[in-house]
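Two complexes follow with subunit A in common, the first pairing it with subunit B and the second with subunit C.
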Partner chain A sequence: MPEKTTIGGAGLIGIAVLAAIIIVAPYFVTFSQRELMVLLAINVLVVASYRLQTLTGEWSLAHLVMMGAGAYGSALYAKSFGAPVPVAMIGGAITAGVVAAVLSFPLFRMKGFYFLIGSFAAGEILRLIWKRFTDPFGGPKGIQRIPGFPDINIGPLHIDFFNPINYYYLVLLVVLVSLWILYRIERSRIGLTFHAIHWQDKLSESVGVDAFRYRMLAFVIASFFAGLAGALYAHNLSTVNPNQFDVNAMVYVLIWTIVGGTSRWYGPILGVVTLTIIDEVILRGIGADQIRPALYGLILILAILFLPDGLESLVIKAKDALRGRSSSKTSVPAEALDGSRD
Partner chain B sequence: MPDFLLQTVFNASYAASYMALIAVGLVLIFGVMGVVNFAHGELYMAGAYAIVFFYAWNGLPFFVAVALGLVFVGCLGILMELTLFRPLRTNPLGGLIASIGFLLILQTVAVVGFGLRNQNVPRVSQGGITVGGAVLTYERLAVIVVTIVLLAALWLFLRRSKFGWALRACAQDREAAALQGISINQTARYAMFIGAALAGVAGAMTAPLVAPSPYMGHSVIVTAFIIIIVGGVGSLEGAVVAAILYAFVHTFVTTFYDGVIANIVGLLLMLAVLVVKPQGLFGVRERA
Partner chain C sequence: MKSEPNFSLTRRSLLTGAASAALLPIVGMPKAAFAEGDVIKIGFLAPLTGPVAAWGKPGLDGCQIWADWTNEAGGVEIGGKPYKIELVSYDDEDDAGKARTGATQLIRENEVKFIMMLGGNSWPGVEEIAARQGMMVSTLLPSDLTPDTTTLIAPCEVHPIYNVTGVEWLAANRPELKTAVICAQDDALGKPSVATYLAAFEAAGIKMASEPLFFDPATTDFAPVMTQLLANNPDILCLDTCYADYVQPLCEQAFQQGYKGQIISCTLDFYQRIVDRTSKEFMEGVIFQFPDFDDKALNDPRINFKKPNEYYAEYVKRYGATQWSAVSWEYASILDLWADAANRAGSAEPEDTLKAMKEGGKGKHAFGDARWWGKELFGIDNALVGDWPVVVIRDGKATIAEFRSIPDWWDKNGELLVKHMTALGQMWNQRT
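Showing the complex of A and B:
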């Protein structure tokens, strides 16, 4: 449930510092880390859109395949039909949304564990079709030499998106706008209905909510933004293939989301940023390339054992502690403020 | 042509056997602990590497190595139960995520200990039974026989022994079983040992036929999920029937078309079952 927040002075300073770090960070890292920052920004959109889908209580394993639908769609529109890249990107995102709408009809007959596995099957079929049919989709090798984002030349202004810093800012802009839209959707009447369906689907149906249509809507919106992330990804890497969207990769999306926590909009983002930094900076830094997956697995196990509500629970506790100290002497138990959790 | 058909039937029976072992273990774990064990494919992989270590490297007799593999992978299962699933018993999604963490650790251990490349396990026997023009090698026959023996033993254990009754009671209703004085921890430990050991035996028996690699568990877990869904998530008998059904469909489509089409057909089969009869072919209606 949305919490009432007023951003205090400390919050404003925090946001300003965060914004400054996000904007200047690419100038302080190596070239390969810049590429990683582009991927990280794209992954932020992937997990944030995934969270919108999970608001209705159903966990999909097809989310990355939806990202793939956007990537393949955008790549094909740009390469085979010669559409301008920005138009192709929007087209790819819409394609992902349409695919999700079609898949809703068989998938939302199921719930819970069955939906999880059913969505996996549907996604895997789509992925295998890309792998099998070489004609439009390029088979196992996928689509190569996808055109990049066109340069912008307005008078003296010249922006070359082949440079990862410039592409990073483009991705950042798209991701921030998308995050804002996702946030507004969650706070709107539609978002409240998603929550209602999650916690009380029978009750909400009894007062006239069409649970199927709202589940479908959440799935379509989430897939649209996943597709947009896929389009950004395809034109950055200039190649897409079916293995980029397989269940191994999906497992990481699941890990980021769950380690981050899903009760707040920033939870999954916290998860993906923290785990990526741990993985790419610290684990790579100590030079333990071969045992990196094991350490990742260990972190995952420790996180789920000791932080079952995700990293966001740390932030919530810290916020409550700060608020409790400034507003009144009596410290409010975290659970009392955090009534939205079951 | 009849020989060709018979050969495909032999191949399908072999595939059905080891997949049934894996799927039954997965269903047992899901039934008793309520957790989807994503690391089940890696337990299969661990069984195959037990053969690489005991049989190929240290020269123990093959069936002794299989027995050691069974015990070793069963103990891995107990380790998972103690460290992961017991603390996370109230959190099924947490159990799934923790098993993914365990999977990554097992894969890394295999990579570090044995290297990335496929392992070469010497053949156990060269011969086979020839029926017409079709050949069933002794190695494949052994997989089929061991599967039948183990599944029959498991069935007797679950139906006849007191402990089997306790296990099935836990699978039906954990709290009611606890109220009857059944120890949930002990039952979960046994279920985890049996479930893991079955996957381990499947890996050990097929090791000479598949050339083990650290990532061999991945395709197996996907197939196992399809099988347990088609068979009904809580049903052991369903898992066996679905394993046979899936293996025959998959092998025949692979033989007559190609492997990717066979995977698509398998997934469509599962999707169709989910849409028409979500509780699976043999499943009972889900408990509240």
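Showing the complex of A and C:
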């Protein structure tokens, strides 16, 4: 059954409630959880952009390295060339997109498992470049003391972006706009073509679709937004180093995406939000700091065993249940009518 | 008629209960208060899980012993009043982002008076918060120090400068060894250590048989690394400051490839396992820098670490001998310094304690009286240096061979160290 494309009244109420929660949430959590919310919002953009990449059926292991390209790019533009941070951030995102475009030529000669391995190799090459070339990338220690997002001082209005609440709202704005763009792309003809290439690439090519070009497009767009997330990350932490974007960190992106599910746009977002809350808030909160990896692993196994279609399947089931209830309510008079005929 | 209340356990109520129990610590629950006395909280922000946990977790275990002993003895006296010590830990996973969250929690929620860190990858995430809040933070990696890090101190381990003592001792005791090779993981820990060993070898007249071999930290197969190192038939195999996960396979590879020469390493964590997997004969004479604290040499009056032998016995009793590592005593020795400074300052406030700690430019380092130093190398005199032990494996057991002076070596060979640090881009003003 095709996914419903219009949002009903319940959906609008749900969105309004969700919006209210994410807007007021920083005022109801602890100081450290505010820091966590900033990182979580950035990770939402990482997984959402990764999903766009997966629409064409190709799973990349270089997505976090693309985030790194954006982080390094933005850090260098701001620190070495003195570019204003907002401009540097856009520059970082564009850099990630350009790097992805260049890498597309060798990578999209491969498909499936070979692409996965190829993307891993390409990512490692990029990370090695950051490590080897101390000038300008800082070597293994990376780049430090990256300028933060500039304060805003307009009359009595003073916004210090070192304050996690302020930076959270900045990130939230960027992420929401990005999610809207990603959503519109998926809903457009381009997005449909991505799906077509995923499921029937030969058939698509037979009707004139240039599969290489569309795979490259998905890779570039996904990398652009991953790069934007990287730029937000770099100017928040004031540091980037190659280890932050290694394959271990990439495994987390895969886990968030798989546990969340990829058939709906919100699947990976559900994954990253749920698993981050479990790992960083609940498990730390109950004092299980040192056994978190084991508990986290157990939760993942349980999720895969009992929710093979991801957390998004729960939402789909809940929506179906609601629809079923409302349709059964509306169908009662008809049944009654049928009964009266008897 | 009133119906009987139904108390049957449904799946929903079970799930609700479980979720509530899980969420209770987040939404808050009454905390058990100390029965009496005032409490000072000390933060421990280091990797407790992940590949670098070996340099965090054993340190936290050691600190727990220190806190228990201190509290049993009536606490730390500050301003004429005894205070109990409470440790608050946060696993930063060696990640700057998590370290920033952890530092925020420790400073603003737990209200700690001092934070101990491993440093390195995690420090940049904490730097600005520490500066803004005026929080005193300690690191085991003085390469984090810069002229701007005024509240950051390296009061215990001046890594990697103490490695010079091992090479100096080796040159004095085995002058027939003339060539060396060195390998390290290509990261912020490996490079400054390589620069230090190169300077120490040059000062000792030992030639490098090949260029330093930097391997990727993701390396899992060390056979080709060792083959390449041994190709030039060196007298000395130097394992630099490799992580525990690398030192063990490197030693095993050297053993399997028939190496018979001298091994020198910064650390040899969990060395009993390496002895078990190679042989006592193979490991005989291996030099490193971190003693077991049951060593009788630590009972020397100049040693400032309190009751080292008893401390080791307690550590082994609680956690097992195989859990003892390079950092098992280090964070605890930093707590000794902190307690002494807070006592002298009559205040636990970070600014007062730091001032008292650095008073007169001298301090009581675990291995003897030492001086605050580092301007030439780190741009700030916030590293406490003095004597450091040279440890040798004898009959399968780590034994202190001698204490040697780091400042004495520096006074004679400082230029060499600056030269090699500069060549590898490790001087504070070269760090990006």
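Brief remarks follow.
In the analysis below, the second predicted complex is superposed on the first by the 323 of 342 C-alpha atoms of A that agree within 3 Å, B and C clash if a C-alpha of one lies under 4 Å from a C-alpha of the other, contacts with A are read in each partner's own complex, and residues count from 1 in each chain.
The rule is simple: contacts are C-beta pairs under 8 Å (C-beta built on N, C-alpha and C of every residue); 3 or more make two chains touch, one makes a residue touch a chain.
Source: prediction; values computed, not measured.
Partners subunit B and subunit C, once the complexes are superposed on subunit A, run into each other and clash.
Once the two complexes are overlaid on the shared chain, A:V247 sits against subunit B and subunit C alike.
Once chain A of one complex is fitted onto chain A of the other, the partner contacts of A:L305 are limited to subunit B, with no touch recorded for subunit C. Applying the stated contact rule after C-alpha superposition, one finds that A:P293 touches each of subunit B and subunit C.
Of the two partner chains, subunit C is the only one touched by A:T239; subunit B is not. Shared-chain residue A:K131: touches subunit B and subunit C both. In the superposition on chain A, A:I255 makes contact with subunit B only, while subunit C stays out of contact range.
Once chain A of one complex is fitted onto chain A of the other, the partner contacts of A:L314 are absent, as it touches neither subunit B nor subunit C. Applying the stated contact rule after C-alpha superposition, one finds that A:M110 touches subunit B and leaves subunit C untouched.
The clashing stretch of subunit B relative to subunit C, chosen from 23-31, 113-121 or 275-283, is 113-121 in the chain A superposition. Counting contacts by the rule stated earlier, residues 128, 131, 247, 290, 292-293 of subunit A appear in both its interface with subunit B and its interface with subunit C.
For subunit C in complex with subunit A, the residues that touch the partner chain are 22-23, 25-26, 48-50, 57, 89-91, 95-97, 100-102, 104-105, 108-109, 121, 124-125, 127-128, 132, 186-188, 190-191, 216-218, 425, 431-432.
Subunit A makes touch with subunit B in their complex at residues 59, 106, 109-110, 113-114, 117-118, 120-122, 124-125, 128-129, 131-132, 247-248, 251, 254-255, 258-259, 290-294, 296-301, 304-305, 308.
Remark: subunit B residues 36, 38, 83-84, 87-88, 91, 93-94, 97-98, 100-105, 107-109, 111-112, 218, 222, 225-226, 229, 233, 258, 260-261, 263-264, 267-268, 270-271, 274-275, 278 touch subunit A in the complex.
Those residues of subunit A that touch subunit C in the complex are listed here as 30-32, 34-36, 39, 128, 131, 134-145, 148, 162, 164, 233, 237-239, 241, 243-244, 246-247, 280-282, 284-287, 289-290, 292-293.
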